[in-house]
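One chain, chain A, links the two complexes that follow: it is found with chain B in the first and with chain C in the second.
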Partner chain A sequence: MYRYTDQDRQLVRERVEQFRDQVRRRLSGALSEEEFKPLRLMNGLYLQLHAYMLRVAIPYGTLSSLQLRKLAHIARRYDKGYGHFTTRQNLQFNWPTLEDTPDILAELAEVDMHAIQTSGNCIRNVTADHFAGAAAGEIEDPRIWCEIIRQWSTLHPEFSFLPRKFKIAVSATEQDRAALRVHDIGVKLRRDDTGAIGFEVMVGGGQGRTPVLAKTIRPFLPAERLLSYLEAILRVYNLLGRRDNLYKSRIKILVDSVGPEEFTRMVEEEWRQIPHDRVDLPAEEVERIRAHFAPPRFEHLSERDPGFELYRRCDHGFARWVRANVAWHKQCGYAIASLSLKPHGGIPGDATAEQMDAVADLADRYSFGEIRVTHEQNLALVHVRRRDLYELWKALVALELATPNIGLATDIIACPGLDYCSLANARSIPVAQRISTALQNIDRLGQIGELKIKISGCINACGHHHVGHIGILGVDKKGEEFYQITLGGSADEQAALGEIIGPAFSSERVVWAVETIIDTYLKLRVPEERFLDTYRRLGLNPFKETLYAAH
Partner chain B sequence: MAAQVLTGNRLSDGATVYLTVAGEWTRKIGRAVVAENEAAAAALAESGERAVCERRVVAPYLIEVERVAGDLRPSRYRERLRADGGPSIRFGAAAWSA
Partner chain C sequence: MPLIDYAGRVLDDPWRFLADDEALPERGPIAVSLARWRAERKTLLRHDGPLGLALKGHESAEHAAGDLEQFGLITLEFPKFTDGRAYSTARLLRERHGYAGELRAVGAVLRDQLQFLKRCGFDSFVLADEVALGEIARALKEITVVYQHAADGPRWTAERSLGDHAGPGDSAISKAYRAN
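Moving on to the complex of A and B:
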């Protein structure tokens, strides 16, 4: 993974000291709240319902064991002993004090981390396929390009005050695990007919109040031209994006209003005017960054490990975990292990300091000291020898991180919702807890199969409800919590936005509604058909009928 | 006019607080000073602006409350959660050992 240079370290440390001085001036009264608020937000410090919240950037979801231990230490020393992994592969601390925050940032800087650009109208943390560097069928490690984008976009003077926040995601396989189509820009690595590496460039996706799927504006961009092309897109947006209306300020609205063809034309024209050599990195710099992502020293192993096969045959619990939580690795004899942060009845995405420390130890022992954060709010150890999977699983069981539910109905995404968030209209976490408790029978979960339930506590859609197979949106009806359900959304390579099924359900009825939808699916599906495919075959009506028939 | 109290978040740690009769800021909503008419509500809002200048609270605002069994209860669910001082769920280690 990428290691900071002295220059990177100096930049982050100077920023910490700058913020320390800003906090000191705020507490002394030299800065008013009006003056201070944008400064704290530039350093990831929000004010939520009950306390401040610090959002720490985890670039493209990659953490070293050293960094994860530092997060555990911060959770213990400055917070309430836990952290929350988000749908943007970041980590949020829910209880820091204003006075402690400069010290927290100084601690983060010690391990090459910060909270810069985790808020504000700038280019936010670049997200990636969480299986980067391990996924079968990958063109190359997408994090090389994430890091290039990260360095280019960090404190970029031209793009520090965009009309609105801006999110970029990068992937390198046909299977989309990075939700490219719901980002302001999604880029997918691919090869052209000559075998050269480049990107499919998708622009104008997003969720929130106006969900839109990104359009491909360039099927193939030579990889070495990525930065100048991104610069062209950002320039067009910076110039023409609306600043007069918050709800119309994202790039998706601009692309939609001028039309994708005209938008593409403007970008291409801007691109032609940008001196590429000034913006695109020289080949040797790309190589320098690429070297940071060289594969770890894999052993030469055979694909079949007799011990692994034996345990899988003999230990039903292990077999179940392997089936749900272990994915193919591109290297023979290795596997990708997902660590579920979705214990049944638990809080999606939360991890205690003790779990973070223990996962860091497991990463050191089994996965080259590297941990991934997924946008579905789980963790992953992506380079595990198959022969080590059984030992790893046993350790994870003891840590309550082995719930065999990745991609299944209880692997629920939920935003912090009204339990923490000052923007929320309704709670998300308790709904997720009640649904996962209701569906916790492991055999039944297996029968239901792949099913993505995603819950947001408000229209901003941090819980990705628009792209949930079953999406749940919390709304406020006269001060009480109600939940609107959408069906048929998807964030993968066949991205789709969910359709609203009908009137919202009360908090008491929402779990019943989800169970009824699942029961309807089980009755209507043909053998082996996934929920999403049944929905695509039959549409909303059969689900609507069973849900609203009783009323 | 519905009864109102003034709430905000403490500058130092962001905790939910309410203005008392004595002009102090308390975590306990039951101790908040209640405005029963528009003039009183305007006076409370003014106190809030002063408290911002004095670096005691951030973003103060008025909320509607009802009197329930001798205590004050916010009308909106959001404010009831804030008055409880934290999430409605067990969190941290307590959530995992549940």
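Moving on to the complex of A and C:
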């Protein structure tokens, strides 16, 4: 993974001192809250319902064990002993005080971390495929380009006061684990006919109250031109994006209003006029960054490990975990192990300080000291020898991080909702907890198969409900929490937005509604058919009929 | 708040900003709106003294691109400090259109924007609020590492220490590499 240079470190430290001074000026009254707000937001500090919330950047979801231990320490010392991993691969502390935040940022800087641009109308922390560097079929490690984007976008003088927030995601495989189509910009590494690497560039995706899937505006951009092309897109947006209406200010609205062809023309025109060689990195600088992502020293192992095979045959629980939570690794004899942060009945994405410390130890022992955060709010150790999987599993069971439900119905994404968030209309976490309690029978989960349930507590869609196979949106109806259900959304390479099934359900009825949808699917599916495919084959109607039959 | 340059010096402002219906003075530096420049271009070109142009937040660099050599001053307005269009306009004026005169930030300009403004090519500003001069000097030194090309020259990471940009092709690049 990327290691900071002295200059990287210097910037982060200077940023801490800059923020310390901004906090001092806020506390002294020299800065009004209105003036302070965009400044604190650009350092990831929100004011929530009950307290400040600090969102720490985990660039492209990669953490070292040292960094994870530091997060555990901060959780203990400055917070209530836990943190919350988010759909942007970040970590949120829910209870820091304003006065403590400069010290927290200073502690983060000690391990080359920060909270820069985790909020605010700027280029946000860049996200990536969480299996980067381990996934089969990868063109190259997408994090090379994420780090290049991270550096370029950090304190960008031109793009720090955009019309609205701006999210960029990078992926390098055909399978899309980074939800490219619902980002302001999604770039996918690919090769052209000559074998040269480049990007498919998608622009104008997003969720919120106007969900849109990004459109491809360039099928192939030479990789070395990434930054100048991003600069062109961002400049067009900065100059022409709407600033008069918060809800119409994302780039998706601009792309839609001028039309994708015209938008593409404007970007290409702008890009042609940018002196590429000044903006794009020289090859040697790309190589310097690329070298940081060289694969770890894998051992030469055979694909089959007798011990692993034996345990898988004898230990039913282990076998189940392997089936759900372990993915293929491109290196022979290795595997990718996902650590579920979705214990049945628990809070999606939360991890205690003790769990963080223990995962850091496991990463050191089994996975080259590296941890990944997934946008589905889980963790992963991506370079585990197959022969170590059984021991790892036993350790994870003891830590309650081995729920065998990755990609299954109880692997629910949920935003913080009305329990924390000042924007929310309804609670998300308790709904997720109730659904996951109701569906916790492991055998049944396996029967149901892949099913992504995503819950947002308001139309801002932080819980990605638009792209949930079953999406749940909390709405406020005359002071009461109701939940609107959408079906058929998907954030992968066949991205789709969910369709609203009908009138919203009360908080009491929403779990019943989800179970009814699942029962309907189980009745209607053909063998081996995933929920999403049954939905795509049959549409909303059969689900609507069973859901609203009684009314 | 007085006019300040990026050395943190208070400047006497020689420029007179004319309202659109205000009579032209006989001589001396004057600045006018884009609307007035377009309407009275010929008359203004005969004016005995330097000309300046005051662009509003929504007016782009292209609006003035053909006439830039006429102006000794261009002011870009920040209608709100969260409105970042003028950063792009400034870079385009400097880097694409080759504007070499004074570029001044006016309107909702706050201390915490000063470094960004400087990097985008502004060389003077009028702050919206009273700020001690010492504070301004401090604001200009807060961050010394830059990661990206902008109007102030440095190209990329290895060249990224502010105040140390010798421009493209500099051998400091390879030196910085070896140091890593």
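Everything below uses one rule, namely that the second predicted complex is superposed on the first by the 551 of 551 C-alpha atoms of A that agree within 3 Å, B and C clash if a C-alpha of one lies under 4 Å from a C-alpha of the other, contacts with A are read in each partner's own complex, and residues count from 1 in each chain.
Here is the rule we go by: contacts are C-beta pairs under 8 Å (C-beta built on N, C-alpha and C of every residue); 3 or more make two chains touch, one makes a residue touch a chain.
Small disclaimer: the values here were computed from a predicted structure and weren't measured.
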Exercise. Evaluate whether chain B and chain C can sit on chain A together after superposition, giving fit or clash.
Key: fit
Quiz item: Thinking of the overlay built on chain A, is A:235 touched by chain B (first), by chain C (second), by both, or by neither?
Solution: second
Quiz item: Is A:18 contacted by the first partner chain B, the second partner chain C, both or neither?
Solution: second
Quiz item: Touching A:98 in the superposition: chain B (first), chain C (second), both, neither?
Solution: first
Quiz item: After superposition on the shared chain, which partner residues are touched by A:151: those of chain B (first), chain C (second), both, or neither?
Solution: second
Quiz item: Does the superposition put A:537 against chain B (first), chain C (second), both, or neither?
Solution: neither
Exercise. Take the Cα centre of chain A as the vertex and report the angle out to the centres of chain B and chain C, nearest 10 degrees.
Key: 80
Exercise. Considering only the touch criterion stated at the top, classify A:323 as touching first (chain B), second (chain C), both, or neither.
Key: neither
Self-check item: Distance of closest approach, chain C and chain B, by C-alpha atoms in Å
Solution: 17
Quiz item: Contact residues on chain A for chain B in the complex?
Solution: 26-27, 29, 32-33, 47-52, 80-82, 94, 97-99, 343, 345-347, 350, 352, 354-355, 400, 418-420, 424-425, 427, 429-430, 433, 476, 479-481
Quiz item: Which of the residues in chain B come into contact with chain A in the complex?
Solution: 9, 11-16, 52-53, 55, 58-59, 75-78, 81-82, 85-89, 91-93, 95-96, 98
Self-check item: Sites on chain A touched by chain C in the complex
Solution: 5-8, 10-11, 14-15, 17-18, 21-22, 35, 38-39, 121, 151-162, 227, 235, 238-239, 243, 273, 275, 277-279, 281-282, 284-285, 288
Practice problem: Please give the residue numbers of chain C that touch chain A in the complex, ascending. | Solution: 60, 81-85, 87-89, 91, 95-96, 110, 112-113, 115-120, 138, 142-150, 155-158, 160-161, 168, 173-174, 177, 179-180
